[in-house]
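Please go over the structures that come below.
In what follows, subunit A forms one complex with subunit B and a second complex with subunit C.
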Partner chain A sequence: MSYLLETVGLTRRFQVGQGMFKPKATLHALNGVDLRLKKGQVLGIVGESGCGKSTLAKILLGLLAPSEGSVLLDGKDIGTIGRMDFTRRVQPVFQDPFSSLNPRKTIADIVTMPLRVHGIGTDAERRKRAAGIMDMVGLPARFAERYPKELSGGQRQRVAIARALVMNPDLIICDEPTSALDASVQSQILNLLMDLKRELGLTYVFISHNLSVVEHLVDQVAVMYLGRVVELGSTAQVFDAPQHPYTRALLDSALTVAPSLGVPDIGLGTAFPNPLAIPPGCPFQPRCPRAFDLCSRVRPHPVDVALGGAACHLAEEPLRGAA
Partner chain B sequence: MTAITTNPPSRAGRAFRRLAHHPSLLIGSGIVLLMVLIAIFAPLIAPHDPYVQDISRRAVPPVWYEKGTWENILGTDQLGRDYLSRLIYGTRVSLLIGFSVVAISGLIGTTLGLLAGYFGGKVDTFVTFIVTVRLAMPVILVALAVVALFGGSMWVVITVLGLLKWDRFAVVVRSTTQQIRALDYIASARTAGASTAWILLREVLPNIAPQLIVIATIEVASAILMEAALSFLGLGVQPPLPSWGLMISEAKSYMFFSFWLIAIPGTALATLVFAINLAGDGLRDMITPERS
Partner chain C sequence: MLKPLLSVRDLRVDLNTRSGVLHAVRGISFDVAPGETLCIVGESGCGKSMTSLALMDLLPRVARRSADEITFDGQDLTRRRIAGKLRGRRMAMIFQEPMTALNPAFTIGDQMVEAYLYHVGGTRAQAVDRAAQMLEKVGIGSARSRLGQYPHQLSGGLRQRVMIAMALMTDPELLIADEPTTALDVTIQAQILRLLKDLQQELGLAIILITHDLGLVSRIADRIVVMYAGAIVEEGTAAEIFDRPAHPYTRALIDCIPQPGKTERGAPLGTIPGVVPLLIGRQDGCAFRDRCSLAQPRCADDIPTQDAGSHHWVCIHGGQA
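Here is the complex of A and B:
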């Protein structure tokens, strides 16, 4: 079985200064992340702020080098793929369309920028290609000579998608592509992304903290907590039968439509995990409503990337008991 | 029936319309343009040779005085040289020095600022250090030492000021670049495979252009004034080359008898500096898309 994208033991550490006279601390933004993604599939990555989602996105885009481990594209380490070949195949859609478009360039300039960087085509050919892509993402041709400030958030995100598609990439890394947009525009952009995936045979890594978005778009879900994958599985498995208490808490935290119910209590408390001081045993144990004595001593086995499942003693306990 | 055109105006058309809404830019750039033309066509415009002395016609007052003549509209200086002609030729020196100094200092300061702001870390520490070193050097004293070593001339003035006055460019470009570097359009250019040079020149530089224009106009004006100051102290442009600062310097001992000898080049200097600042303000407003 070959995978378009594979990460093996991906680890990224940062040295963090804590003030002038304190020694620098090491922050593990990612800690042994294994993921696999087949061509044409969508992998969702969910987790709260600070769980390493954005670091993962940066490494997958080649913007940041991993401290350990590797990213494989079609089985080849992306460090060995030339930068130009890599950038032609993997493209991003960032979160904030107000900062991802250069305010001093016209829309046509922004969309054709990757082509100019790669020296593809003549000026006229590039403009023709840009016009085709703009039509595909639902941008009127008259926008070509406009500047980003003249466009709405949703239109800007369409421009960012057009720029990502202009070189016919295989893989798109979507880093919270709708969280900066109005609720009414979010679904339009998501539908557009899904239509494009079908038409162009794209593969997505879809990073989000919005579970309802993930549930409808994604084939496989990886739940991250403090730089580790704590649960991995098909969307149906993870959403219908979550195994990890953290996944359960995340699913319970999704707001309901009825406003009278208020913000749900998910039983995690308000303490925010400190990524500089990860507790021994299970990293989730201090917040876990179902923790028992084993959890504070022994770290659960990491998720098996081939089988899926959860990195939790509760999930593996039946197997242990049988042995 | 009247046809209503709905076509969006062309880029040039839009720029022109915005220009019309900025009287300060029109007036400022108009005066600067006029001075540039005067400087270029000085030999055609000047009524007399600015170097020819006429001892019999020394310190003739301008035409509006009782003793003034149309022969020398702005009078003559203490050596009998036509003051209008010297003023016209002096435009060349002021503009040449102003723009050459900023061309050199802008290149140095922008390059250092871009590198420090984009790379950060050790590069930033190094650039910040040499900015501090530069700020510790008094320009006039350094100019004095250089003139003592190499002798005074216009090119020495340009080189000294150009190599010293880049600090403001470096500081402003550095901090602006730091802000821009963190934005996603820089990340987008990187994920498109763009080289560092491409990112700095095509993504960052256009976005710091408004700041660059403002500093450049301040620096042109400041360089012109500094040349005048250096020439006044006898460290800058050397006689008989006509420079406005030198004209003021040469006239200082006649100040109480022939007031116009100082007032005329002083007015020219003030007008040019004012016009450059006016044009810079207007230009910044016009090219900043968020403001139009």
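Here is the complex of A and C:
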């Protein structure tokens, strides 16, 4: 097995109440998601809210069980790996460093917590390890006895990263790790994540709505729409030559620094995707500026995880498209 | 420049805190011309939101505002009676999170109509007509039935459209938008900004847009004010700020963000060492000097403003020094 992380047909359904007397509806948060990630690589996940990014993050962290399909870590289903073994290898960094740190614990307590849970080392050894990690993420040693409220947003996110690294994990799931931070702090955290990856040989799943950040940081990108991967490829393939009209619209709507370009007209219409009523055919078809008759009837082939590409009739070869 | 619609001279906002008086806004001056988009950009704590709240008289209780001049179309906004007549009518504001700005217990129709009846008057039927018309204008279909809906029944993008429609009910000349699209998806953000731009052209609206997002600013601004530690450090047109940034802080801030096509993928991004200075107490000289790679001893003295036409910056260094 050459993949550190693999998802096979990952599907997650939720039953959603529609009101007191209405039957519950089924929401497909994820629908047949296949992804593969090699050790030392960064996989970016992009898409609008409701596309399933956060559900995917929770499943990859073992915090939520898939309805169907499986997540493989080094070829082993994570359901069969014990919780303790799993958390030694996979750790999260979440968006909000204000709510993800316990306000009543000192920074040293927070960073050493995973070690205590796993019963690793003596108290002195744990402190030493925490001090080493804090130094690595750029936190001064004097912060050890401080509380989260005394730290700035960027410093708190460093604490969250230190806590994730203290177990020496293989894989870090970053869910919008810099979205709550200012630009000057974001660049420090992104540089830190890139340095740590190089030094420690880490593998990241990087979930973000900020396309410039994703383009800068990741090796491969999966574009998600209503629970499905609609385009998958290397950063160069997806950002330089997007095939799916949705990917194009996403890239067009990203407001990069370009005073001459003005505000783009992305032509998606005002229809908002409803995960409770996914249309037949292509899920993106109601908003797609390039939709044609086939799109409302036939669902495009899912993206082949080995080859990449787009789940779109326009991107399919003529023979496959006729099916 | 046209005769300014809004003129602000030496605006100061002080907050009483347990540790002393925090000078959140330290004597800023700017003008907004009719129909113009002025962006106020800066990082958290730079005073940009306090500035917008000060203009609308919405400051928290612990805050004190003072200014040599705040005039709207020649009228003195520091006088409460005059401000009361202008605020909400000729100048309106929209906020970042429409869910907290809208009242969840009332339909959007009720909320749109209430403000109109208060500021403009007329009959309820007229106000309802106006509300439906404004919802259509912001791209919300079947407007009549939408008026009976509650905020929670709308998506984030629709709520922000409702906020804009509500703000435009009284046909204002100035719209102050504080991070209006920060909580939205990029696709919805682009649509909302496109809508604001289109409405601006149609209605001749002046917009003050407050944001931390430099990319957004580069796309929408006619003029840009860059704030740092409660003061304006640079002001200029979008081209001046992004093509020839003069203040070291502006330059450093632009270098921090990955720019597709310009920044090499995976290369280290620019950073700004150190932290924002404490805003409590006096600040002499350049507030950025502790973090500035060009700092010199004389940066601790009074810093002159340098002018190059419409482009100003507060720094001893020349444009490309």
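Note that in this section the second predicted complex is superposed on the first by the 308 of 323 C-alpha atoms of A that agree within 3 Å, B and C clash if a C-alpha of one lies under 4 Å from a C-alpha of the other, contacts with A are read in each partner's own complex, and residues count from 1 in each chain.
Basically, a contact is a pair of C-beta atoms (placed from the backbone, for glycine too) under 8 Å apart; a residue touches a chain by one contact, two chains touch by 3 or more.
The structure displayed is predicted, hence computed values, not measured ones.
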Subunit A as common anchor, with subunit B and subunit C clashing or fitting: fit
Subunit B versus subunit C as contact partner of A:His216, first or second or both or neither: second
C-alpha centroid angle, subunit C to subunit B via subunit A, nearest 10°: 80
Subunit B versus subunit C as contact partner of A:Val117, first or second or both or neither: first
Subunit B versus subunit C as contact partner of A:Arg290, first or second or both or neither: neither
Which of subunit B and subunit C A:Ser184 touches, first, second, both or neither: second
Partner chain(s) touched by A:Arg142 [first = subunit B, second = subunit C, both, neither]: first
Subunit A residues touched - subunit C or subunit B, whichever exceeds: C
Subunit B versus subunit C as contact partner of A:Lys128, first or second or both or neither: neither
Contacts of A:Lys24 with subunit B and subunit C, given as first, second, both or neither: neither
Which of subunit B and subunit C A:Ser253 touches, first, second, both or neither: second
Overlay on chain A, subunit C to subunit B nearest C-alpha distance, Å: 11
Common ground on subunit A, meaning residues reached by subunit C in one complex and by subunit B in the other: none
Subunit B contact footprint on subunit A (complex, rising order): 61-63, 83-84, 86-88, 90-92, 94-96, 99-105, 113-114, 117-118, 142, 145, 147, 149, 160, 163, 167
Interfacial residue positions of subunit C with respect to subunit A in the complex: 43-44, 139-141, 155-158, 185-191, 193-194, 197, 212-216, 218-221, 238-239, 242-243, 252-261, 263, 265-266, 268-272, 275
Subunit A residues within the subunit C interface of the complex: 48-49, 152-153, 182-188, 190-191, 194, 209, 211-213, 215-217, 235, 239, 249-250, 252-259, 261-266, 268, 270, 272
Subunit A-touching residues of subunit B, taken from the complex the two chains share: 8, 11, 183-185, 187-194, 198, 203, 206-207, 209, 289-290
